[in-house]
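Each of the next two complexes has subunit A plus one other chain: subunit B in the first, subunit C in the second.
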Partner chain A sequence: MSTTALSSSSTGSTGQPPPRRKAPRRPKPAPGTQRISPLRVIGLTVVWLFTAFNLLVLYWLIMAAFKTPLEIFREPLSLPATLFERGTPFRNFVYAWESAEFGTAFLNTVILVAVCSVVIVLVSAPAAYALSRLGVRGSGPMTAFIAIGMGVPFQTVIIPLFIAMSEIDLNNNLFGLALIYVALSLPFTVFLLTGFFRSLPDELEEAASIDGASATRTFWSIMLPLARGGLITALILNAIGLWNETLLAIVFLQENANFTLARALFTFYNAASYQSEYGGLLAGVAIIVLPMLVMYILLARRIITGLTLGAGK
Partner chain B sequence: MATVSFRGATRYYAGNDKPAVDGLDLEVADGEFLVLVGPSGCGKSTTLRMLAGLEGVDDGQIWIGDKNVTDMEPRARDIAMVFQNYALYPHMTVHENIAFHLKIAKMPKDQRDARVQEAAKLLDLEPYLDRKPAKLSGGQRQRVAMGRAIVRQPQVFCMDEPLSNLDAKLRVQTRTQIASLQRRLGTTTIYVTHDQVEAMTMGDRVAVMRDGLLQQCDTPVGLFAKPRNVFVAGFIGSPAMNLIPARLSDAGVALGGATIPLTPAQKAAVTGTEVIVGIRPEGWDTVAASEGLPVTIEAVEELGSDQYLYGSSEAEVVAAGEDVEHREAPHPIVIRTPGMSDWSRGQQLGVRPRTGAVHLFDKETGNRLPDA
Partner chain C sequence: MTTSVVTPPASGHQPGAGGRGTPAAHVARRKKLFWPFVAPTLVLYGLFLVVPTLATVVLSFSNWRGAGDTPQFTGFTQYAQMFSDDGFQNAFVNTLIYITLGGVGTFVLAFLFTMVLRDMRGNKMVRAILFFPNIVAPVALGMFFGVVYRYQPNRQGLANYLLESVGLSAVKFLEADSVTWVVLGSIIWASAGFYITILMAAVDRIPPYLYEDASIAGASPWQKFRNITLPLTWDVVGIAGVLWTINAIKIFELVFVMAGSGTYAPPIHTWTLGIFVFDRSFGGTPAYGAACACAVVMIVLVSVFVVALRRLLRRDAIQF
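This part shows the complex of A and B:
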């Protein structure tokens, strides 16, 4: 504020002060777009209610993770106090981490989710590229066939999968679970990326082929970077899905050392509720929820749409 | 550098029995600037894309130099192309865009950078080398697309309406730049446009296409002086040539009181009873309204150096004596007069074709009648 005043007065003394023009904080919207329509009112209400509800739940969860069970039930919405007064604010987290063996589970999950999401995208991207852009014979039916995979609920194939995995000794094995995760996530990811690749302009491919790039080179140097938004979207969606995946982990993992976070929480839930350790239980939930939230906040901004801007005209 | 030759090149698109390019025979000399021109949808882009290897050739052959490239991949042809909408790689900087081919060709980095610098200097792109295409203006993008082509020093340049996205002033500027750049580099160039002024100013030779068929390929002067058929006559030149159908009599063709005599060879070449008389706006002499072909002025276009009178002729010169439906009067007529003459709307004047300014075409076939 003061610097603005200073600089304008100093230029004023030397001569004609340049007229200071300031853009409005918010550019004026196009006429008619701000009108209150019933659709707008309903939409806004629903969105805000939904957001408020989610924020409330998140708030409650995080606060509860710092509370004693008594506080959780007596004052569900107040700020935590007792544990802070005792000087052990992270008691619940420590309890959850130690008694639920979250240490190993956390490491297992991070590795499993990271490897699986990357592998899924690495396999899906070339597949989607081939299906959508290389003019492969029968690519239409093949895409449709892959899309069928999305329509099959994975719950229905758990038993055959379990038998199959036992036969090849990959039951109770993180590698085995990774295989299942990758296989089950492929249809959706391929389908998602097919749409993305299809939306890219043909001319860039043609320009690349004239520039002397082979099909592989075009894929790596031109199409993949352009589809970055799609790849990151696929990565995030898969990571979140796999991070939270519980049913398959419960079925296929039996040994504590192999547990993923969701699986460990499931065991911990029984123990903690038996001991009325609700604070610890919710701290466990927070440990699972927060990393995904952080990742989403960090990566969502990188989902760049309109990256092809500047290719033409 | 090399010659380019289309030998009966034909291209069908799926689901269309009429070829988009039909038996194209065209020889382009080494270092020549050839412009392909024609109305929208006549197959110009298809021709260029066949040469670049982006479309298959259904019939015939394409040769570059002494190599038959008909079935070669685009990257084996050593051709550079400037696309109509530039097709710059949006995720690469200007420098990377220009250097992409050299990088693929595994040219050492210092050599590569030198080449890019050289091209950038030629095109005034030096300040923008580190920018992404999204942050450039249309004209700058156009120059990047040019840079990407010239840095390769290819055998042939293909350009598909590279100026169509620019505003009128920039287009005129860039058009001379491209032409002089091409002269300097001496690279065989095939340039597509639908703008006949662009074609006439830039090309060593101009090939006029229509509905997939090559109509005529000649120097701008040749096209202007001796259009081979009615289509070329009407397409080349601005304002367009006046094309007036007229009935043939024993003496010749009657037009505005004057009779244009036909040589025996011309008479023999006429297939029907009518011919089309073509006279450019500058091919008229103005006389008193009572003498020549009477014209009523409807609009005056003052250009300073020249003046164009847009008028119509009520006279029944046109196939005189025929029944009313076949009369084409009032027939629009454009006349060029010296600039700043005091003609105005509604005035009447007479016009008479100047000797030597008359083009004659057969009405049935549209072909030019022999000149002698």
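This part shows the complex of A and C:
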């Protein structure tokens, strides 16, 4: 790959100067760049090696989930064989699924993540709209005040929250955890969505009001649909974050029946490594990673632009 | 203290209907929506973030051990004891290492990558692959690294297998004197993709003709980076730095699982502040006062770093 890029650039400059009339989307390197091509080769090599390494790691993880411990450590790069020969290729997954009670955990996680992500967006969207578009005095400082919440590590709030949740019997309770998830996800989501609402044009709102739409109606039928991209992005980002959340799940869930996937995996780790069940262990990792991988492959662009939007502008 | 931490983007121009000539009645009607719309967020935010944070600050001045114990307020005793505690000292140093060295490492790597990725073929795909570790649960990453770095002759993890297959000798990656650096490297590897993505999004907005002009003038890649990329992405670099600090301070599950067995806290020399808080509250014998004091240290540390970063990086944004 790198060689083709290079050779095309060198032929371009040894012959006639590159055509500069119609600007291509990615302009060919200008004549000057050719001088530093050795450096560029090194750079390209490093980038591709790094990328290849990431793919190797993913390959290793997925393959290892189908291997015996001996295979994992003796032949880490080969394809799995032993379990397939024995006719039980999914043995590790079955082991992990049963001994870690991933079945309940999976269901818990799916419901929790789905409900929480939707509620988070339902609560955040009106707030973000009000803070960014109503022009009420003090909305700027208020937005900043909420955004500061993104910088508060969860460790700072878990002890008082744990005491309070125990007082009102919401400890070791998925509803209680859902409340916490929603509340602690608000700063990021409001911050993300204010950015989206702010970027919408004023004219449509004005037109709606001239047509006699009420303020609430303007919000529901004009502004929310316009910010749909932002809302979906917020939904996805929160879903990923909550799917992977572990600390709060460890603190607020104590019973296996209530465990989320990340929480169950955390407990399973100890048992599996104690029994040298490395295949089962990595199958457990795969169970939590694969749904995210599928989602990522389907939605990579939206996830990436969303996170970048939240971070950048 | 932290009001300057996160200024909302473009808070300068509020695009409200205020002075734009819309009917005053309509504006007033819309403004009535403000409190109903904002209230649920503010209530939840107050109840679950602001009040608990204040409670943590108050509790940090007590010697409360946990449920069943009556807290007595002892001033700064908890802090004094904590600062002389081995676990805390290790945690503090490790966390500082992860924030500073990890930050420098990640950003240097990210910048090097942006220099190459900018006009590389297939860069969208490469970016997507590099980003992937960021959507994997840190617990899963930690467990995964635990197996990858395993040291056991004849049954080596992937890292040592690769080392041995090129003729090097295996390394005890997770031993006391190397584990911090191994964790550091793993964190940099796992998070680089996120910062590469953020920086590349900023780099993509730079008009290509600037680079073309620079090339015609014979600029080296370093000069292009120094005089085009860096100044034009400066504001994004600042935000990315803040994000790094926020994320690095709460590193917990990754280290907890990677360096330990999973159920109990890992050996003391691997601790981060997050692990210290967990160990003093829900891990071993409860000592809520000490845990709260450590949590306060975390908040102070975030604030100091973020304010310092914003001071250091304050520069007029260049319009283009």
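Everything below uses one rule, namely that the second predicted complex is superposed on the first by the 246 of 313 C-alpha atoms of A that agree within 3 Å, B and C clash if a C-alpha of one lies under 4 Å from a C-alpha of the other, contacts with A are read in each partner's own complex, and residues count from 1 in each chain.
Heads up, the rule we're going with is that contacts are C-beta pairs under 8 Å (C-beta built on N, C-alpha and C of every residue); 3 or more make two chains touch, one makes a residue touch a chain.
Just so we're clear, the structure is a prediction, and the values are computed from it rather than from any experiment.
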| item | value |
| --- | --- |
| Which of subunit B and subunit C A:206 touches, first, second, both or neither | both |
| Which superposed partner A:222 touches (first subunit B, second subunit C, both, neither) | first |
| First, second, both or neither for A:136, with subunit B first and subunit C second | second |
| First (subunit B), second (subunit C), both or neither touched by A:124 | second |
| Partner chain(s) touched by A:214 [first = subunit B, second = subunit C, both, neither] | both |
| Subunit B versus subunit C, judged by how many residues of subunit A each one touches | C |
| Touched partner set for A:250, first subunit B, second subunit C, both or neither | second |
| Residues on subunit A lying within both footprints (that of subunit B and that of subunit C) | 206, 209, 214, 307-308, 311-313 |
| Subunit B-facing residues of subunit A, complex | 201, 203-204, 206-214, 217, 221-222, 225-226, 228, 307-313 |
| Subunit A partner contacts - residues on subunit B that touch it in the complex | 52-54, 73-75, 79-81, 83, 85-91, 100-101, 104-105, 132-136, 138, 141, 148, 152, 165 |
| Touching residues on subunit C, where the partner in the complex is subunit A | 2-3, 5-11, 14-18, 20, 22-23, 26-27, 29-34, 36-38, 40-42, 44-45, 47-49, 51-53, 55-56, 59, 67, 112-113, 115-117, 119-122, 126-133, 135-140, 143-144, 146-148, 150, 152, 154-158, 161, 194, 197-198, 201-202, 208, 212, 215-221, 236, 239-240, 242-243, 246, 249-250, 252-253, 257, 261-263, 273-274, 277-278, 281-282, 288, 291-292, 294-296, 298-299, 302-303, 306 |
